[in-house]
Each structure stands twice: as C-alpha cells, then as structure tokens.
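The same chain A turns up in both complexes below, where it pairs with chain B and then with chain C.
Up next is the complex of A and B:
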C-alpha cells in the first residue's frame, strides 16, 4: 500500500476491519469463546434503545420516556498490519433483534454456539442467518453435566442444512475456540467458491 | 414506599466502570449536573441530537477512525477531546464507545462532528452490505491459524 508521495509525514493507512458474529442463547458461552481468542479483554459497548427520543428538542420532558440499553460484548484479533478482526457476541435477549440486523450487515460469517441442554435457544440464530444469507457454522459447546450429543443429532434437532458444518467445541479453551473460527472461515471460503463456480 | 425513579447509581455513564481507562483521569461520561436523569444525560453530550450527520451516517460498529493530527484541545467539548486522544491509532466505533463508556448512538453523533470538522478520517469503506473479498478471507484464515 505504498502511496506515490507524502507530505511531511506519511499518512497512516487505516486497516481493513472485518467481523464475525458469535450467536447463541443466553449463557451459551459466547463471551467465553470471544475472550478465549481475543487479544484484549472483551469490551462491552452499549446501544440505546429509545422509544420516543427522535426529534425531541426539549430535554425537559424526556425523563418519562423509556430508554433501554443493549450491551454488546466484543473482542479483537489483529491480523497483520492491514486487517483487524472483531468478534461480536449477540445480545442474549430475543427482544434485541434490531441489533442483530446491524451485526449481520457485512459480517464475514457467524458461529452459532449451541448448548445441548437448551438447544431451543439457538433456533432463532440458525433461522436468522439462513434468512440473511450470512454463512454460519454450529459449534456445540461442551458443558459439565450435559449429555454428549453427536454432531449429527444436533444437526437434526436444529434442522441445520447439509453443508453447514456442525462441530464440537470447548469455548473455555483457546485452541478449541480457534479451531471453531478456522472452521467458519474455511466454510465461508468454500461457500464463496461454490457460488463463483455456479 | 415507592422506589426512587431516576436513581441509578451503577449506571454506565455515572463515572465509568471500574478498571476502564478513560484517559486523563476524567470521566467523560459525566456531563452536566445531577438534576437531569440518567436517561437524558447521554444526549446532553450531543446537545439533544440523536442522529449522526454527513459521513457519520455511514459509521458501522467496526468502522475504523483515526485522528488527523494531534490538534489543539482548547475549546473542544471534553468528549471530542477524549475521542481524539483515543484515536491516535485507528480505533473502531465500537471500541470508542466501550472505552469511553458512551453509548453507540451518542458516539456516532460525536464522531460525525469530528469528521465534519476534518479532525478525524475514516477508511474509504465499502458499503457494509459488501462482503469481504476472498484475499481478505484468506488472510483472516491464515491469521487465526497463527494464533
């Protein structure tokens, strides 16, 4: 990325930022997975959800309006000097669907973390990414005391289409979490190639 | 026996969270007096504006912004100054929000001010709907493998 000429100081190139979504039900281990691979302690950002704040000039009356904050946890992995990867956990509560739209826009892909004790909590996520055309994989997080289900059983229970990888994972383990991400990006590249060739 | 309605001492903009560096020892989250309720306070930083303008409208969660130069801080709003200090290196919108403990909506408005002033620049980003290129995906894959 050499520029032909520069002024007194070279303009620092701004890296390319990409994001991966980590979805799943409340307590499925999303933030655990993010912190296992992130180079920074996961950060939390808040979005305000205000029912009636637009166009309000007079702040005096705003106290009566309801504002809810939606927390988004995320981590970062610097991929060389020109690419930064962000990992965003989805908000745990279903009523914050509007945030999913923003998260999904331009996302490289998504990991749906499944908790076999509460598989129903990730139906929404599988459905959402399918509908949005966001490539995703399912990672079955191991929990103490959970019955071991095979990937095929989980695939069937969640009605995950053939071609979407379902892998076992331990979100607490860095190596395992890293493998989940490798699986996802490989899957994204593969689907991209398939789309290109017809 | 009614609970106080507008008291939320643990609120995110009541002075920053423990362990978070807000820079300069000042908490940018605290603005104005204590008369306004915590629900109002975030938008006092933006003088009531809830929508970014101009280039700010294209700010995604992961849009990276960087300060154009050191610049003087005199006459600036404290939040603007805090953002510029944080952006000496390229930083994402989400990180600015998290590190300064300012809600995303508010950060977007503040960033749009700074972009309009020419104090910040952002990568000429493709539309958010555009998917990452194959070479970027390959680089990401290689990068994750190296972890």
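Up next is the complex of A and C:
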C-alpha cells in the first residue's frame, strides 16, 4: 500500500545502512574480525531453512522435512550521523548459499578471509564474489604455527587477478582488521574510478 | 502406497503433538525455536488481494507508526515489534533484539507495513554511492 511508504518525520536523523561482507571458510576468523572492529558485541540472528530429508525410511510420499537454523552474525560501525556500516559474517557452510545471495545484494564489497592451512575453504567465496561482480579483497589471517606464505603465493593459489589486493591480517587485532576494511574500501573506490574512466 | 501399513500409529501421534495447547511453558532450546515460527507467521505469507506483500531487505529500516493497542496481546510478536520500533531500526537488528528468526520478523514486518502499523524510513540525507564510499573510508581510517 502506498501509504506504508510515505515519509515519516522522525526527530532523529536516519542514517544510510550499508554493509560489508566478511566471508571465508569455517574457522577462518570471520566472527573474530567482525568482533574486533565492531562498536557493539556482534549481534546474532538466525534464518530458518526447511529442507527435505532423504532418510533411510521411505515413507512412500510422506514429505519428511527438517528445519535447520543458519546463524547470522553481524557487527556495526557508526560512520558519522549519515552512515552506519554493518559487517556481516557469512554462514560457514556452503549449503547456505541462499543467504549469500541476500548478503551480496547491495553490499559495498567483501573481505575473503583466507586460512593458509585450509586455503580450499575460501575457494567458494572467491568464486561467488567473482561471479556476482562484488568487489572483494583477500585477507590472509595469521594463525599461530601456520607457515608464512607471501601474498603472491596466496594470489597464485587462489587465482585472483592482479588488481585484487591480497593482504596479511590478524583478525584478533582491531587495528589490523580496520586496515583490512580500509584496504577493501580503497580497492572499491579505485575499481569504480577505473570503470568510469575506462 | 505400501507405506500405509508401515505407519499405523506414528502419524496419529504426530498429529496429536501438533495440536497440543500452546500455552505450555515454552521449552528452552531447540524445540521452541524450531516449532514456534510456523505458528508466528501463520497466514502472513498467504496471497493478499491487494497484491504481494512488500519485500523487506535485512537492512530496511522501519519505525512504529503507532503504539501497541489494547488487543495486541493476542499477537505478542507484533506488540514486541511495535514497542521496539518506536525508534527506527533495521529489520536484522530488530530480529536480533527480539531473538526471532530474520525470516519471521521480515514477514511480520511486511504485513505490519501493509496494514500501516509500521512505516519504512529512508535516510534523512540522500547520498550517492561514491559519497558513501568516501565517507566510509574516512570513517574507517579515523577508527
């Protein structure tokens, strides 16, 4: 109904709500990164999905469905009075692609957190953002005891183009996480300028 | 359908469980979270004569257009949403604050928008995508 869209005159300024996605495999440090830069303790909601189960007991056409919950964690950074930035961690499991679609819609960009001990766990994220045209950077999260790889080695393994920044990060460290986000937004701006002039 | 003979009483038992009164003390944990939403959005997603219900993004911002009414106790989720949305907030934050699944809050909020209990609110100051990116960059640098 048209009336539902009519403007209200709130007393406080309403900011733009924008988002950045933090993706990566399970245990890559997504929630850690979100927590370290968020101004609030990360909030969590869940999405329900119903899936048909293919159990061993064939009930002959009786639909057996199970409901699974997908946790969605997010943090918030207030950028002045006009903008609030939300940081969304992607659900770790690959089968929750439907959530990724919505997260990607309208996102400023994405950070793919890579864990070099299990680099393959972030392949899906790279594929997804490339396919969707969401600008992203790769942040290699440092883990105790993991071998140090150069950015070039990681870039080569992930097969990401030269223009996509690959940076080292420590998701536990606020300053480092902040720099990752700065790097992403700088990259997004640079890509836009290149696209406009080209 | 040879399955008929395989389920003599099981289905009847399931049926009975579903019809049990809902005013039992809510169980803590998974069971409640799994069952409750189906009761909460019953009918909400049914086709409406006025056309499809508005789609709300997770970052769509809504604000209450009225205070909870006397009959709101019949639909406690709506009452809670009205109370929480006295200040404009995003759908996803509303879901997190209420401890309800995003999909349910989205569905109920869409219905409430359609009936006029909630209103959408857009940003006070209109900004272009580039302006937003530049502002975010400056804001992040100064963290």
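As a working rule, the second predicted complex is superposed on the first by the 172 of 198 C-alpha atoms of A that agree within 3 Å, B and C clash if a C-alpha of one lies under 4 Å from a C-alpha of the other, contacts with A are read in each partner's own complex, and residues count from 1 in each chain.
By definition in this document, a contact is a pair of C-beta atoms (placed from the backbone, for glycine too) under 8 Å apart; a residue touches a chain by one contact, two chains touch by 3 or more.
Every value quoted in this text rests on a predicted model; they were computed, and no experiment measured them.
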Practice task
Could you look at A:185 and tell me whether it touches chain B, chain C, both or neither (first, second, both, neither)?
Solution key: both
Exercise for the section: Could you look at A:139 and tell me whether it touches chain B, chain C, both or neither (first, second, both, neither)? Expected result: neither
Practice task
Considering only touches as defined above, state whether A:112 meets chain B (first), chain C (second), both or neither.
Solution key: neither
Practice task
Determine, under the contact definition given at the top, whether A:34 touches first (chain B), second (chain C), both, or neither.
Solution key: neither
Handout entry: Touching both chain C and chain B, counted on chain A across the two superposed complexes
Key = 12, 14-19, 37, 43-48, 59, 62, 67, 69, 72, 74, 77, 79-80, 82-83, 85-86, 102, 105-106, 108, 174, 178, 181-182, 185-186, 188-189, 192
Completion exercise
Listed in rising order, chain A residues that touch chain B in their complex are 12, 14-19, 37, 43-48, 50, 53-54, 56-57, 59, 62-63, 65-67, 69, 72, 74, 76-77, 79-80, 82-86, 88, 102-103, 105-106, 108, 174, 178, 181-182, 185-186, 188-189, 192
Handout entry: Touching residues on chain C, where the partner in the complex is chain A
Key = 1-4, 6-7, 11, 33-34, 37, 50, 54, 57-59, 61, 63, 65, 87-88, 90, 92-93, 95-97, 100-105, 113-114, 116, 118-125, 127, 129-130, 132-141, 143
Problem - chain C-facing residues of chain A, complex - result: 1, 3-8, 10, 12-19, 37, 43-48, 58-62, 67, 69, 72, 74, 77, 79-80, 82-83, 85-86, 102, 105-106, 108, 174, 178, 181-182, 185-186, 188-189, 192
Fill in the blank from the handout: Given the complex, residues on chain B that touch chain A span 6, 12, 36-37, 39-40, 42-44, 48, 50-51, 60-66, 89-90, 92, 94-95, 97-99, 103-106, 121-123, 127-132, 134, 136-145, 147
